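Below, subunit A partners subunit B and then partners subunit C, in two separate complexes.
For the complex of A and B:
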């Protein structure tokens, strides 16, 4: 178990480092911050001056090493645009993103797991097909389009829900739903697959031979075994949901980390972009690691 | 007569296949009835059908399926669930996979008592410990807290039988309970089964392909071939004087030390059990039978001898063509 944890952690750090290098390179290649900051009418000399002040004229590996060194000490630098530290900037945006993410993963579980069980119980019937269709649509529909459509229907046509912002609790419904759609297909298929296998398993036959109630057979004996991978994958899906927050927060005009990332990318605010990418990468890798741990803990055979 | 289970004209089909083609079977109190045959002969589905645990797609019919004198052929799922695990119990071939890996032994035993007896947790725990002790499980209190993967195959099968016996059923159906066990563990398990049966006056329907098991524990034996019982009788009578060519073939394929010289050929029956569809007539064994003749395609007569010994073959008890 300890070997497993150490190995996973080392692997996780390597993944984070790779993500950082790639994102660092991409942000530097995608535009020149100094030109943005200097404005459209700036002279070449003033651009060069800004470049020098920000250290952008140094070679990329040097810039990266300097940034990484400070980042390791918890200093992510200052935003060029907001003139405040990146850490405090992210901290002030993080709360809504986490709130939305938590609600979204909850919604995904509440929608996907019962549908998955239902599909498995009615394997091969029209109910199964309908649930499969839900999963297919969920996977095929891009979240920005779904977000816009929901805004049109519920926000503008029906006027039931606000079209943007999180002023009231109603504001959370549409963005969390759109976010949850990222996770629903995978969780639904996984639940269905796990349940189909479990319902065919010998121990379910034993449970039936013991005369147990249908509820006990399905929920206690079959679902417990089918749930192990679902719980593990939920953690990974939370990572996807956080990644999906970039699009969703922009569509619903929610000032979270995703919105911040989008804004910073557009304006070439490298320190913020890098810190957000690092945050997402660490969160994702951390959640994947957590998923493995949860999986191990739920399965008494792995727990040993 | 003290019949616990009476089956008349049981038929089971899957799609175009007829897995069981009208079998009659009686298991009496205190008796072990062995249903023996090769893989695919329909013995396991016959057993599952008694508890109505067949897959949904299976076709099932019986002229009579009586348990403790009551016809249960028309009983619904709820009624069957009340009987299962309480009055009739079943154990399976694979003790590895027949226990739920996610729950402790205790959890899987206690739920039976809570379901059928409404027992309190404490009372259920006591009963489970007592039952585990009775089937020879050491340190029973500790076992309740263990998971299936922490137990050996033999122990798991003992847990299975202890669970099956918790509510003192009238009928125990055991589907190849020793097949997955080591030979020495098999012998222990069969002895245990015989002991418990005697003590509790159980009726046991034992499904096996192993004639060694039959010889050791069966009072009566039914030899099944391609969905029919081709020979039935008291175990001693059938082993001493098998009448059906298939039974003879099965018995000839058992190695007997001293009788068969080392390197000598063991008897075997060529071919496999055929799949039977609708409209099949005549003896299903004729394609593999050493004494088959053209007339074997005609409907098979059944011959009755003393003590309920019966067999279905065109050759009569004297070995002569019975001319049906």
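For the complex of A and C:
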């Protein structure tokens, strides 16, 4: 087990390092930073001065080492746009994104798991087909369009929920729901598949033979086994939900990290973009590691 | 039921393909011709709509049906070209890893892990911003980002196939390594790849729509469905149909591709779940 953990951890760190190098390379390939900063009318001398100040005239590996060293200490430089340190900028935007993400994964579990169980219990009937249809449509609907349509229905036609912003708790409902759509189809299918297998397993037959109640068989015996992959996948899905926050936060005008990244890309504020890309990547790697760990703890065969 | 789903999916995709191929012949109007005296004409089923513009006109008075048809061409073009590109990259990596195993496989798995860690939408937006928006920029960006499913499935399928007797027979018959990979392995994992192609095509189309919606995808005046939704967004409170029409088109096309993929998976017995 310890060998497995050490190996996965090493691999995860290696992946993070690669992403670090790639994201560094991307901004250096994007043209001359000094020209961007100095503006189009700057003289050659002032460009050279900025280049020297930022250390852009040093060899690339030296630049990378200096940048990576600072990045590992949480210093991603200053935003061109806000004239504020990137880390404090991200810290102030992160809370909303994490809140929405947490609510979204909760919603996805509440919606997808019961539907998956329901479909498995009624395998092959119209209920199963209906649940499959939910998953199919969930996969096909563009999330930004779903967000806009929900704003139209619940915000304008019914006037139940606010159309933008997070001023009250009601504001969280639509954005989280749209975010949860990323995870619902996968989790529904996984729950259904796991339950179908579990309900056919010998231990369920034994439980039935013992005369246990249907609820006890389904929830205690079958679901406990089917839930394992769902738990592991939830961790990875949370990573995808973070990625989806860009679109959702733009649609609902929520000032989270996704919105910040979108705004920064459009204005060429690369230190911010770079930091958000790294943040999302490291979070995803961390969550995948967590999922592997859970998987290995629950199933010894994975550790091999 | 399952057969019906497959037929429905195939019919939707075929219809979209016909729209895409024959778009210039099918468009009733010039999709770029502006008519500022007829802005936001409603579609025919709403009061004020007419048969002159079946689906109405947009904010610049351009015929919505014509733009929708040309939009199908853009979506299909994006879907097919990115799948070809990502299919080549992913299949090459996956087959190499699955076939050679050992260190090669470890490298392939590592590349896949790195790719999975990259937040697709952010990197795609940044790339399009830096290179400049354009149809082929979007195709290249999405194609270079979305190959991981091909790689994962090609690798798993290759490993499975490599142990089978006919591969050993090909070796015994003196086939070269290239011959075994191209002549024996590829044809026998093709059905898995076909299913992945449908999944990736659907994802690519949705991703292009999202990029265009966010303003860093297909540039105006091209009528990408995502861009049409983005352009109509400011008027959606007054004219909801400007976002409903392209959104429903997108939903139906992606649903059709997914139905086709699911149907093919059952029909061909491909296993793509990991």
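In this section, the second predicted complex is superposed on the first by the 250 of 304 C-alpha atoms of A that agree within 3 Å, B and C clash if a C-alpha of one lies under 4 Å from a C-alpha of the other, contacts with A are read in each partner's own complex, and residues count from 1 in each chain.
Assume a contact is a pair of C-beta atoms (placed from the backbone, for glycine too) under 8 Å apart; a residue touches a chain by one contact, two chains touch by 3 or more.
All of these numbers come straight from a predicted model, not from anything done at the bench.
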| item | value |
| --- | --- |
| Subunit C versus subunit B on the shared subunit A, clash or fit after superposition | fit |
| First (subunit B), second (subunit C), both or neither touched by A:211 | first |
| Contacts of A:1 with subunit B and subunit C, given as first, second, both or neither | neither |
| Which of subunit B and subunit C A:202 touches, first, second, both or neither | first |
| First, second, both or neither for A:136, with subunit B first and subunit C second | second |
| Vertex subunit A; arms to subunit B and subunit C (CA centroids, nearest 10 degrees) | 90 |
| Touched subunit A residues, subunit B compared with subunit C | C |
| Which superposed partner A:268 touches (first subunit B, second subunit C, both, neither) | second |
| Partner chain(s) touched by A:152 [first = subunit B, second = subunit C, both, neither] | second |
| Touched partner set for A:13, first subunit B, second subunit C, both or neither | neither |
| Gap in Å between nearest CA atoms once subunit C and subunit B share a frame through chain A | 19 |
| Subunit A residues touching subunit B - in the complex, by the definition given at the top | 201-203, 205-213, 216, 220-221, 224-225, 228, 298-301 |
| Residues on subunit B engaged by subunit A in the complex (per definition of touch) | 51, 53, 80-86, 89-90, 92, 94, 97-103, 111-112, 115-116, 147, 149, 160, 163 |
| Partner subunit C, residues of subunit A touching it in the complex | 11, 14-16, 18-19, 22, 26, 29-31, 129, 136-137, 139-145, 148-149, 152, 156, 193, 242-244, 246-247, 250, 261-262, 265-266, 268, 273, 276-277, 280-282, 284-285, 288 |
| Subunit C residues within the subunit A interface of the complex | 1, 110, 113-114, 116-123, 125-126, 129-130, 202, 206, 209-210, 213-216, 226, 229, 233, 236-237, 240, 243-244, 247, 250-251, 254-255, 258-259, 262, 273 |
